[in-house]
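Each of the next two complexes has chain A plus one more chain, namely chain B in the first and chain C in the second.
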Partner chain A sequence: MTDSDGTAACGPDIRAGEPLAEVTGLSVAFGNRHAPVPALREISMRIGRGEAIGVVGESGSGKTTLLRSIAALVPRPFIRSGAVRFGNRDLLTLRERELATIRGREIGMVFQDPVNCFNPAFTIGYQLRRAFRLHRQGPGGGTNAEIGRALDRVGVDAGRLARYPFEFSQGQLQRLMIAAACFAGRPALLLADEPTTSLDVTTEAQILGMLRELRRDLGMALVLVTHNLALAAQLCDRVLVMYAGRIVEEARVADLFARPAHPYTRQLLRSLPVLPRRRGRLYSMPGDPASAANARRGCPFAPRCEALLGAVCADTEPGLLPTGVNGQLAACHRYDIAQAATENLAGQAPA
Partner chain B sequence: MTTTSGDDRSNLLVEVRGLCKHYPLPRSAGDILARRQAAIQAVSDVDLQIATGETVGLIGESGSGKSTLARVMLRLVPPTAGSVRFDGTDLLALRPAQLRRIRARMGVVLQNPYGAVNRRRPVRAIVAEPLLAHRVGTKRERASRVQAALEMAGLPSGFADRFPAELSGGQLQRVGIARALVLSPQFVVADEPTASLDVSIRAQIINLFADLKAQLGLAMLFISHDLGTVSYLADRVAVMYLGRIVESASAAALERSPLHPYTQALIASIPRPDPDQRSAVPPRGQIPSPLSPPPGCPYHPRCPLAMSVCRLRRPPLEEKASGHLAACHAVPAARAVS
Partner chain C sequence: MSATTIGKPADPGPSGEQAAASQRNRVLSALLHRPLALTGLCGVALLVLIAAAGPLLAPDNPDQTSSHATAPPSLAHWMGTDQLGRDVFSRMIVGTRISLAVGVGSTAIALVIGGLLGMLAGLEAGRAPDTVLMRAMDVIFAFPVLVFVPVLSGLAIGRPIHLGPIPVGQLAVLTGAISVVFVPVFARVARASTLAEAKMEYMLAAMAFGARRRDLVFRNLLPNVAAPLMVQAAFSIPLAVITEAAVSFLGFGVQPPQASWGDILNDGRNQILLGDWWETVFPALAIVVTVLFFNFIGDALRDVLDPRARAREMTAAATGAVVIGDRGD
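After this line comes the complex of A and B, so read on.
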């Protein structure tokens, strides 16, 4: 663990203003010692109480690995360094038995494909009852009345508990997943990995509205992993943009979309086929998304970057630097040069 | 549909009339005695025309019948009723040998490039497959056509000897596009070709289709659930709901002034990449089962404008403004669209 003082400083009680969870210096590499396949490099992030954070990136950016690390679901040998502090515990040092009392109870999870999250051989009622009993500390969890109230909140007819997963649409299964994640325990943090990617736009909009309401009513913090910048815009307070296993930009949601600081964020926003249709040809970024596994010397985004500064981009990897606006951070060399560059950039932000 | 001039007819490449595709369900003894036959009505009574060089976008939720319509149009599955004419020839009347000949003039690009290719074969063999199936050219001619198709799809020559596992999703989708183009088709069906791609790659593929359309004068049916993607490519867009086309208009008109409440709901549901613009209230409920479509207008259970007539009679797809068709009782036929 590289960051020991961060974990040592925290007391048994969480004072107001202190983060709910904090990731410090997290590096993950799969594969073995002789042939490591890096997935995350030196990730640090704070999740405030009740805060919604969007983690945006393309395939291979490491966003799912980050989410799984927060739930301590990445096998221990692959964690090369770092800590995931939740409350006063470092999740990466806990035993499986202790983690089992946190996952589901204090940290809820929703995955991309709801169909594979249910066992097709058992009724929905049976599976929900199990989840509710498992995650309730005291006795009396998992009554039909309690599950019925949860289903009511997510808009599924409680009379259908005796049905099997195949009798539900994908959207309904995702609602059931969310019911289990939010109501089986009392999670202070909900982790959602592309929760609407396999759904239609209309269902997506419904789920989006529902997540917004649940978060408000239950005061849950949310980490939403998505490739869809629009979802982060709609649901989150703060956004982290990932590229090749690193955070390349971090900003409040309004700042990210009004003044994207990293060239990758800017190019990504321009390549969205948004409505109303912009005139002329859609902008498209050259090249393929990079992953941490095939990292190169210098800035990993340099081969696709349209705002290269010169040799420095090819030679050295930039650190995550303040851009000078509202705590916005970006991993780009233009921010280590001068304040003048920052002002110049703000003028270039797309309309 | 958008152009009403007479010479439009001569340009017509694909013409679909009254197309239905119903999948019968197994019957119980009671059903057989009562002579009942339940069926999933995947596509019902669809008319669609595509002119040479025209791109028609087809949008709708999953289960709306988009892919089934595409399959019937290529005659990959036979329709229950209706006709499909390709360049004046009725596809349904053709014998297998004739059908094979006409199929060489059509191409198809599928959604999931990983599932659409044989992973054990190099790219050049994957792309050459249609040439072999149609017994086109000598070995050397085939090699040069594969090369040309890969170039058109934006893959440098080095890719011909690679295997699918060595390619990214975007590159593999380009292989799928090269394969669709290798026979120099006049008509290409693209079924959600960008749905499984990363944001930056999706823009590349949208632009590739735009270029191919301009360079080759392809007629295209571009299926997507995302109106944003479709609006960058299509000349005209048809919206499907529960097996029927409920609205059809030029891409610009559809985006600017959608008439059908379903289309309006679809557009309003698209999340905007703008934190100040909260997405609108989504439509209620979900698409009903095509097994038992609701009586009257199939959209009425979800429609905010539903009137009593909507529960009784299905509205016809009629012209509500010049070149703008919609199937809705609540939209007056004479309504002018600016």
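After this line comes the complex of A and C, so read on.
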């Protein structure tokens, strides 16, 4: 935690160079062909080398599905369209055998609930050793010394390797999972699915500091799924806001907080408690979270939107449009109106 | 640990085998602390000893007829003699081997075959292999045991059945037939646990860390499916012993002069009417006691291996409540 927040927040420029990974036109629907339950709709995102991206949204907005899709952990039949390019491969077309050499080795993953991620029947040492050996053939792979060094980095006593998962606290298990995710392979990309949701705030702060340090030292890109905007703000360069299985806003962290473009983001930010406390009740967003499963005509956020533009919101679904600031994108009709207006002006000017 | 052990090619540390061993120790010590389980363990150990030593323990030649026919229990013949004057106690001891071997053998076969089929079905849940396998299990399940086993076993009386070039003796056929009957139970247990395990997050986590399907099945799934299968086995062994006894009682099992408990029961059937109780009571007692011993172990194993039961116990202990009738799952 000695690094300045500045270095973590700036990161490499998001548009510069070849991205580490790129998701294009990804649509996922669970259920069978006759009764599909859409979870993700036409998601596209780029992950730059060493970049930290936060994915925020309410429960059911598709954050976790998106994260699992990036590791190709969503069963193939549910992927309706799209590609996940990592390096020069499309992960969604690889066979399981090939994926097994990428997962853990080039893409590390940290899950939400560390307690359930360890098999209760085996000691921690046994499970870590297995994770390490998966990616280190030959002698020297997964030795206690190597695992001990990894545990040193995450601050868990290496003398406790012979213990079972139930003998560890949640925070320690999360540290162990992070150790396995970061050091078993040499991942260029770390996927973290609400890594601190099940932890208390003190532990959360420690884990976040640790994640930031590890990311800096190992040069990993990070995709952090969370429903906690503050978390994304602390750790990420760029934030994707998801709603009903779609990306509704994409912005640099500073821009998102300074000038939220989508009404959903604005209402989301308004519902955060701020100190010193203003008078009156804390704002609470009306309506229920929409899920991608019950799709409606028009903009999915329209029923809860407090900045409706009129019939267009109820009739047509807005695309993800540039807002004109720093590559910020938002899926709201106000920007296509703005765009149309500028185009009109541009068209009329010569006449 | 990290600094001192660098450079050693093989670090001493708890390996997988040792982890498994410590799990076994935990289970064993938990069993030893329950009086009923301890009784069951000692009883089964005694039975195994008797089965192993067999003829060495028998005071008389079990097949030797004598003029002391249908004599009641006495110092010379602890359990009396049968119609042919054979010593019932000696026959009981020799019969232990067959009864146990058939019971344990058939259960072991059913455990392996049923377990593997069930895991396969569970992994393919909802797809064709699952449907075909489990419907086949239903068919076997629907077949009356006491028709199926005697018929198969009866076919082999006097002449071995040839499976290709391999002759299969009657005892082996009997064991195999009983194991077929028990396969569906194990398949269902294995399938159900596989379904439950496959949903666990650690399976997904293992995949996310790059584990292959083989690793997932044999290093994550199998050890966790094994526990309920072991419990099922503890309850199936006595059932298999009873089945063997029943089939032998019907005359389609062990053939004379060989002795098994059911076969001795069968011999004594006619004597009951004459008031000569000893030839039926002792084998019946032996069967009952054996079933009890195995059930004690099964009960305790279930409690020890099932984490939910352990949690319930701890809650009960913490709240001072008594868990009553907490048997069914």
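We adopt the following convention: the second predicted complex is superposed on the first by the 316 of 351 C-alpha atoms of A that agree within 3 Å, B and C clash if a C-alpha of one lies under 4 Å from a C-alpha of the other, contacts with A are read in each partner's own complex, and residues count from 1 in each chain.
FYI, a residue touches a chain if its C-beta (ideal position, glycine included) is under 8 Å from a C-beta of that chain, and two chains touch if they have at least 3 such contacts.
Model, not experiment: these values are computed from the prediction.
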### Message
Quick check on the chain A-based superposition: chain B and chain C, clash or fit?
### Response
fit
#### Entry: chain B versus chain C as contact partner of A:L268, first or second or both or neither
first
### Task
Check whether A:Q234 is in contact with chain B, with chain C, with both or with neither, and answer first, second, both or neither.
first
### Message
Just to be sure I read the superposition right, which of the two partners does A:T93 touch: chain B = first, chain C = second, or both, or neither?
### Response
neither
### Task
For A:S81, select first, second, both or neither according to whether it touches chain B, chain C, the two together, or no partner.
neither
### Message
With both complexes overlaid on chain A, does A:V201 touch chain B (first), chain C (second), both or neither?
### Response
first
### Message
Just checking: does A:R130 make contact with chain B only, chain C only, both, or neither of them? Give me first, second, both or neither.
### Response
second
### Summary
Shortest distance over all C-alpha pairs of chain B and chain C after overlay on A, integer Å, is 7
### Query
Which positions of chain B touch chain A when the two form their complex?
61-62, 168-171, 198-204, 206-207, 210, 225-229, 231-232, 251-252, 255-256, 265-276, 278-283, 286-287
### Message
Touching residues of chain C toward chain A in the complex: what are they?
### Response
1-2, 5-9, 11, 13-16, 19, 22-23, 200-202, 204-213, 215, 219-220, 223-224, 307
#### Entry: Of all residues in chain A, those that touch chain B in their complex
58-59, 169, 171-172, 200-206, 208-209, 227-231, 233-234, 253-254, 257, 267-269, 271-277, 281-289, 304
### Summary
In the complex, the residues of chain A that touch chain C are 71, 73, 96-97, 100-105, 109, 111, 113, 116-123, 125-126, 130-131, 134-135, 139, 143-145, 148-149, 151-152, 158-159, 161-162, 177, 180-181, 184-185
